[in-house]
């Protein structure tokens, strides 16, 4: 398998605090990678660096061999990496369909039109098809502000995938979602990802989900990678057991306080 | 277009149209006068003056008060001679008062309303020079007799010729030319001058005229600091310091209203005008209110022969007595100017009526108004400039004194109209620059 | 799913009606309507910015610039062709906006409002200082011509009225389509969530920049028409109260539809004229009260009133 | 050298005045996120109340020195009362609206207050100059200063110190700071935010009116005096950083000294100073001087 993303010695510090130190990760095509680690271990920092939200203090990021270190989020997006968010980043006052239409319009290779209607029948058909790929087409006309968490998460991911990226980074796709809905959501997402042929990386606290969907696991602890390998192997790593899994297996706390921002 | 369109598609549009029509009807019904009324017996007169904002207190409202008083007297026929006949050419005045606030564009709209919707027979108004500039061309377009009573910029009749437009108040050129003459008359050895004027047209023009006149009359005078604080700034601490540091003998200021009074107060608290002589071209309005704050010897102007400078006459006595009785303060120059405008209009209309032997047409009134010489509360007014459309008057300056506990003006000097106004056809700027020629002073 | 949108057709009808009505309108009302249309142009631009979550307290800058362009072109350069001047002033405003926009597109919320206000006050200061342009008195604008034809003073207001109708119609027509376009929705996207916009590969700054420039050009055209009909320009056009008035009108009309700006502007002029009439001493109080009532009862502007009725009509 | 010192003194006097005017505005913004356009009208109300009180006081010939207490109290009370009416009668039902909408709300209040002031006090000028000259003058650096201007500096320092102490040293103040810092969390922690708003607005209004009262002796109190002052206070607050009292002090100093320099060296640019400084500060620091940007967590 050929690698698409490669980070070399990626480091991020905020003043005296080091959020990520010397992160070397390689992700191969069509791979599904689970990322685990306790809160503050550096998982989100890693995604934020790769997608350009944070500028690394050191190290480099290569995407298909091209150095994308220091790219802005939109440049990263244009190169073919997309992401979802812990708290779904949507346009709350627009409807689900409009959200999807905006995503398509923006991610398409063409410039944003100033006269051509966004809601043309063709565009709507494309957007509806995309929504049904995530089984949320029935919410098309509902304003996003009224949607349940799970649907928002799916829409968030659907929008990220609208450009057909090569790599999808999912930041806690199941946080804020009721336990009984988590597997359904992941099934939907993973199926869609597989259909698109993109590689994906997802941050997850729930080890059941990790072991069910990931083919490979990267474990973060205190800004470092302490394990990287096939799922079974990584989860059984003694350090991982001690620092993450042991304390994580019964930890289902979604990070609710983040929702206030939405 | 298609007949089968559902009703809801059109309803939004229909509602819009409906709302528009409803509003239009509302305006029309509010604004249109009962039809028959306009014709006989009444003379509808639009009055435009500041009723809000910073110019309302010192200018707008005194002028409004004077208008109220004089119109009432005209309608009753109780003004002193020669205005003791009833009404304007026999017609009672029906005033319509409009606020001058809102700027030139707004005022052009309101002016059109007055002429076209309210069908006024004439308009008297406008304090701001900017408004006058904006209104002037519209006056010609709408062909209705209009009298500017206060605004000072000479540009109006210098730049263009008008048929329907008159100005019964003198221009601000006269204030500053006379001020320069006066300053040199009382102090022929004058060495230095500073200025503090508001940073807008009137302030800048006033300073330019004053400075130009001094330069022409005594080129050796040195100009120290030239302060231009923003209009309505209110606080002049730094300016006063600067004026003190520069130590010019004379400080010229065309501040008016609240700004002028604020400067007087802040100067008084620091003794500025005790050490240096202040020249306030619009200072007369504060003379009684700030009696114990104005420094001895301060030179005050009234923008014409108005207020304390108004020569004794039955008209002047009448205005002072009745204004005082009704409003509790003596009339200041805006009140005089408004009274003067009304009297000018009446004089012209009455003269036209006498010639025509019947109710005069507008053209007849205009013919009578052009070049007219009439008496106002401030003495004789000559419509001498701008082909007989722009008034000139004598100008007075004096020095303030409160020695015996009663505010008075001392060393009062009169400057004849010809002495402080350019001859017809010459612009103020040229006239001042080219040596104030053809001026006959006494 | 796809709702039939008759706005374009209705706009055409409204345009023709306005033109026809112009022939019988009394001159003062034509003047009022022209001013309303001119201001509505500014407000349309402002609404476009507001849809992107940005409120400019400095549209007076371009309004004034447009007005002065007409004045200077006619008085000092001898260019009086009405249509030509509209293009010139839109171009000049566009250039200035492109310059300022580079800076402003990074600003949001109150800071955007304050910086736009500062810029417009700086132009005000420059004009007050410039005696050659009449300082605060401003100066009178030469009468415009139309393709070489010099209308008589009596015809002029009808000509400018018709021009204003045409420009307003074109603006409404294209802006309505713009609101429905990808770029139009990009504004709302920026208002709602800039991070998402970034991650959709689009620069929110660029979106804001384009809108700012467009709004500036519209404001300049509005200012030009105002100068043509009023025949006079002064720095007051750039003063913050003028810009505040535009925000007032935008709120009065609402941001829901392009036509709302026109209704808002017209009603504002009417309300102000009536207030001047009925209460020459307390008209500000009437305006203030109207503003508060609209904000309280119609947070989405007068447009929501029309829309609510429409929805009501649906159920019948 | 002397000129330099004079510039400094003039600058500080003007800054003190600006600070007093801006303090209430920035406090209200900090707590309530309302940029009160009617702040200038409250200033005018204070000035009018003080001026009419001074007029009454001196006509009756009471002890001159006690007049300060009387007219300042009148200004504060009038401001607080107006603030109370505005908050209870209007703002209360508007809370939660967009910041910009709130600006428009207060703009409506400004329009109404301008006419209310006119109805209450008429358009004639009011004077209150007795307290201005009462404290005498000082000769300094070859020119004369009014001691009242130094009183103004003292007043600014006292008001600043009281605000600082009030915010940092009292329980109520700490609660206010909590609300400034994070309104939602404060509410969750059981702070009565509505009451805080009420108190803040009344306090801010009283401060605005106090500024008017303090300035009244140097002015001719006429319609419209508040409007320019309001926009000036805006500029100061934006320069310093919205909601920061310390920022308002620094903003006032910058504008005051810049203005004094302009007046003494190149008076023609006085008109631009304030907006020039504001534009420059915003270009360099978009959030104002004393407010730091918070990156949004995603």
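By written order: A, B, C and D. Residues from 1 in each chain.
What we mean here is this: contacts are C-beta pairs under 8 Å (C-beta built on N, C-alpha and C of every residue); 3 or more make two chains touch, one makes a residue touch a chain.
None of the values given here were measured: they were computed from a predicted structure.
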item: Chain whose Cα centroid lies at the greatest distance from that of chain D; value: A
item: Which of B-D and C-D has more C-beta contact pairs; value: B-D
item: Chain at the geometric heart of the assembly (C-alpha centres); value: C
item: Separation of chain C from chain D, taking each centre as the mean of its C-alpha atoms, in whole Å; value: 33
item: Computed distance of Cα centres, chain C from chain B, in Å; value: 34
item: For chain A paired with chain C, centre-to-centre distance based on mean C-alpha positions, whole Å; value: 43
item: Chain B: positions in contact with at least two other chains; value: 51-52, 199
item: Where chain C touches two or more other chains at once, by residue number; value: 128-129, 195, 281, 283-284
item: Multi-partner residues of chain D (at least 2 other chains); value: 114-115, 118, 268, 271, 296, 298
item: Interface residues, chain B side, partner chain D - complex; value: 51-54, 56-58, 60-61, 199, 225-230, 232-235, 237-239, 241-242, 244-245, 257-262, 265-266, 268-272, 286, 289-290, 293, 329
item: Chain B-touching residues of chain D, taken from the complex the two chains share; value: 2-3, 6-7, 9-11, 13-14, 17, 114-115, 118, 123-125, 127, 129, 132-133, 137, 142-146, 148-149, 215, 217-225, 227-229, 259-260, 263-264, 267-268, 270-271
item: Of chain B, residues touching chain C in the complex; value: 1, 5, 7-13, 15-17, 19-20, 23-24, 26-27, 30-31, 51-52, 97-99, 102-106, 108-110, 112-113, 115-117, 129-130, 133-134, 136-138, 140-142, 153, 155, 199-202, 204, 208, 231
item: Residues of chain C touching chain D in the complex; value: 55, 103, 106-107, 109-111, 113-115, 118-119, 121-122, 125, 128-129, 195, 240, 244, 247-248, 251, 281-285, 287-289, 291-292, 295-296, 299
item: Interface residues, chain C side, partner chain A - complex; value: 1-2, 174, 177-178, 180-186, 188-189, 192-193, 195-203, 207
